[in-house]
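The structure appears right after this line, and notes come after that.
We just call them A, B, C, D and E in the order they show up, numbering each chain from 1.
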């Protein structure tokens, strides 16, 4: 058959359509041989991508831009998840021990994030969107998300920026969600393919078609996929039944403005030295 | 007063080494033990000072069971037992240190001990830099500077030249005369046994036991080694050995 | 061979240790609250449940395979090298700088190179564990062999032994106990590294199980994984002990 | 004390090792031709630049402080315990099961407990490194002391030594070389663990520097951090060597 | 033919041990070396078999510089040098193994060697389970089963009882008669030196050198030990020692 496309994924909710497409043979039906390779953290996934051991991956825009900066032959082929008003993916949540905190009473409270990732950008955007004064939040680097979560629940840190389903879990344990990504209107995660695959029209079309088919199936029978979502998105046991089934938008490319917004922030942070042309980031049309 | 009552010993392998060995050694007495190589002499001394426990019988020092770790019965081990990580001086002073004697005094006594065995100037050397005979002399000094209630010597002069050996035999006797410490001497030299042992024990057999014993009242005196009595006993012991071993 | 009685005593001591660890755990769990530490009885119940599933043993087997292969690989390379370095001042002087310069590099950062050379599969995982173990085996063995008494070498040399026979008849047996120490150390290290290397490109292994459950804060499943690791560790550790008793029988002799 | 000549020779061998490692690196970088492995000269240039900044030395100092404190702490606890276990069959039989049961637990999973008990600061970081080191020191020391020739103990016992003096005069000095081996092992381990514990609640330390640059795919800065780790490791390693030569002078005697 | 030419040796500490020691030992000859404890006898033997290099002078075996690791000059070390990780049998067979002799043959020869030193039945024991004298006998067996071009013995009988010692002295002489292997014997027993040494060397001084030497043509013969000649030489050597040491 066709050469294997090894596609790196993380155990997060955004990857459900990919999991469905892989499990239900949707890629195969389009003549593609896609193998999902799971990673526990972005660091190792990026390294595998960079060393050419992956042919595509799921990740956030920041990681993608950094990878392209270091010369990884990679194109964004679609947004995987973008923030939307009716569904939250990230949020700023207080520790159960600090449940009384509100946006107005923040002052020098520690918030744990992980630097140079989408987390830091989200915090930046939330501060702007919710008019949180500078200095009200003191970022505290904690790379490992489970540790971040545990420290929050134990009250060692005041707030944390967490993805779903951990956000809901923190909330269920008594934390208060102060801010979410719902109104930020920004793409959060993307699907990328190696240059050579993205340049091949037929492959690209087949890939996206399979992905669309997965979206269609999820939308048609969401409850059929609860188990898969719980397993691949690592939904804690106690939330498994109550957790809402996530909805996903049709694939589309990020616009040049959306990319520019992210790049501007990265340039300001020193993560990028110069902007990467939009044409270098998306498949040649 | 050191007393061993019907000692018996076998090793874990199951071999019985010693059976029914008894001896008594009062204050101011001495005992020389002769026996073929591997008969159990070292094993006997280990039991006499409590380092090893007999399977049968008991060892009493002044009426109480001997216990290891008291230093009551000092032993010169066959393989010297010097600590490689201590200097010669510290090795000699070790027993004194354990007895709780202050640094200044114990170093002085250790230095005197080293002079006595002819190792002046070697205080700061490591044992590994010493010749076999020098190591043996350090072990001798280490036992001699102590004040034990009994002294056990396991072939203490085996690696020494004749002159040094005679000098140290004299030192042993002088010490014994001065302090009256009873000693047990294991040796392979019949001459040495007869010169130094107030009583001579022959161990032999399998398992070994006391096969023969000789009283030797004249031992250790000035001209004894040139006396008829001495030669006679040497011959007598040798004859017994030739028969037994 | 030791008797059944002493073996029973050993098992008894293990049970005692388990009991005491359980009590300490219970106390700690009470103090800290269950957000980081589930109560031991719950964890034990979950473990007993999981231990009956084939999935658990697949994880166990995958980890055991990786750990044991890595230990073998590391030993085959580092043990002889350690003996050589410990046995020859010249070789040691030449190679030591390489060791002390590269040993402190956190090997994790070499992951890219491993991925480049060996791919995403078990090979790179095993190589990574083996690399970390190899350093430890090397240092332990070398230091041990350095302590070999020179008289043993003299003795064999005087019988006509060249370098090869000194290696085989003196350095190798003298190094064995240290090699076993290194292996014992290695059981813990390889299990710790497993935890790291099973976080990529695999969905099997106890390390994966632990990280995956940690990520979803499923502490009970996580502790099943930890129990599994502990079990694996004890097996490797006691296996090493047993092997040492067989191979280094001479060490257990000569007491009176 | 060794002569200046031998010290110069040692530095020469270090330079040689650096050169060869550089060449190997260069070759690997050429062959792999990947951005994950920058050419050594670029990394060196970046390092020389960074090494002139105060920030770099702040990272270095923070890591050095954590590593050295952890090594001290671990040694103070585990070394005496190792001697006790190695010196007494009874103590060993009782405590060994605790070691073999808990040693294989990836200590990382205990991090939350440390954080709760000790807070987010340096204390929990140091404790975590120390815990991992302590196991290694314990096992190495215990195994080493087990190998002490019984005649040394007999000899001191016959002079009237009780358990305390046997400990101080025999087991302790006999254990020292093994303690140093453990420290040497520890230099590498503590640096590796630094890499992990500096990934939370700190923005100083070479581990942080490395992960942060790795995360932002800034490989040149990452290699500065790695060079720093290597430098730290060499200093600790050679420091241990020097200390051993001073403390265990008797080991370097008696050759003919 | 073993020849040492003006050997000198000092240890790293700086102490000069030996100066200007020469000796010659042809096929079928033998040499006994006497000297005070620590004078450098062991050091001399180490140099003679190439284990240690002299700082001055050279050692020739059949005209060629002696090299270590050839087994040409076999030595019985003062501290026996048994390998603790090898059984008694394997220790005895070690030299043969190194010489490339097959397992069956070397085990047979080693077993015969053990019989000769009176250790039948101890083949499978570990050295640590042997008494001092038993260890020494294993070391003797190990050297005797080989076929070296010269034999160096460092106080080989020091830990043996008189009977065993005499038996093994006889074994040494028998071997020497059979194969003519020249040997150098270091001993502290004047009697032993006079019985076994075709030539007797006294080492003494600081640094030590050859202080005196005696020819002893009658050595080793049947009734020599009861002859006037023997007693005379013993007395003569002892007198020289008393003066020198």
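Keep this in mind: a residue touches a chain if its C-beta (ideal position, glycine included) is under 8 Å from a C-beta of that chain, and two chains touch if they have at least 3 such contacts.
Model, not experiment: these values are computed from the prediction.
Chains C-D form the pair with the most C-beta pairs in contact. Of all chains, the one whose mean C-alpha position sits at the greatest distance from that of chain B is A.
Work out the mean CA point of chain A and of chain B, and you get 83 Å between them. The distance from the centre of chain A to the centre of chain D, each centre being the mean of the chain's C-alpha atoms, comes to 38 Å.
With centres taken as mean Cα positions, chain D sits 17 Å from chain C.
Once the centre of each chain is set as its mean CA position, chain B and chain D turn out to be 48 Å apart. Among all residues of chain A, those that touch two or more other chains are 47, 50-52, 150, 154. Residue positions 46, 51, 79, 129 of chain E are each in touch with at least two other chains. Shown for chain C are the residues that touch two or more other chains, namely 32, 36, 112, 116, 154, 214, 254, 256. Here chain C touches chain A in the complex through residues 32-33, 35-36, 111-112, 115-116, 119-120, 199-203, 208, 211-212, 214-218, going by the rule given at the top.
In the complex of the two chains, the chain C residues touching chain E come out as 151-152, 154-163, 165-166, 169-170, 173-174, 176, 248-250, 253-254.
Chain D contributes residues 9-10, 13-14, 16-18, 20-21, 28, 32, 34, 36-37, 93-94, 96-98, 100-109, 112-113, 116-117, 132, 135-136, 139-140, 143-144, 146-147, 150, 154, 177-178, 180-181, 184-185, 187-189, 191-192, 194-195, 207, 210, 214, 222, 226, 229-230, 232-234, 236-238, 251, 254-256 to its touches with chain C in the complex. Against chain E, the residues of chain B that register as touching in their complex are 11, 13, 34-38, 41-42, 78-79, 118, 129-134, 136-137, 155, 158-165, 188-190, 238, 241-242, 245. Residues 42-43, 46-47, 50-52, 66-67, 69-72, 112, 114-117, 140-144, 147, 150-151, 154, 156-157, 271 of chain A touch chain D in their complex.
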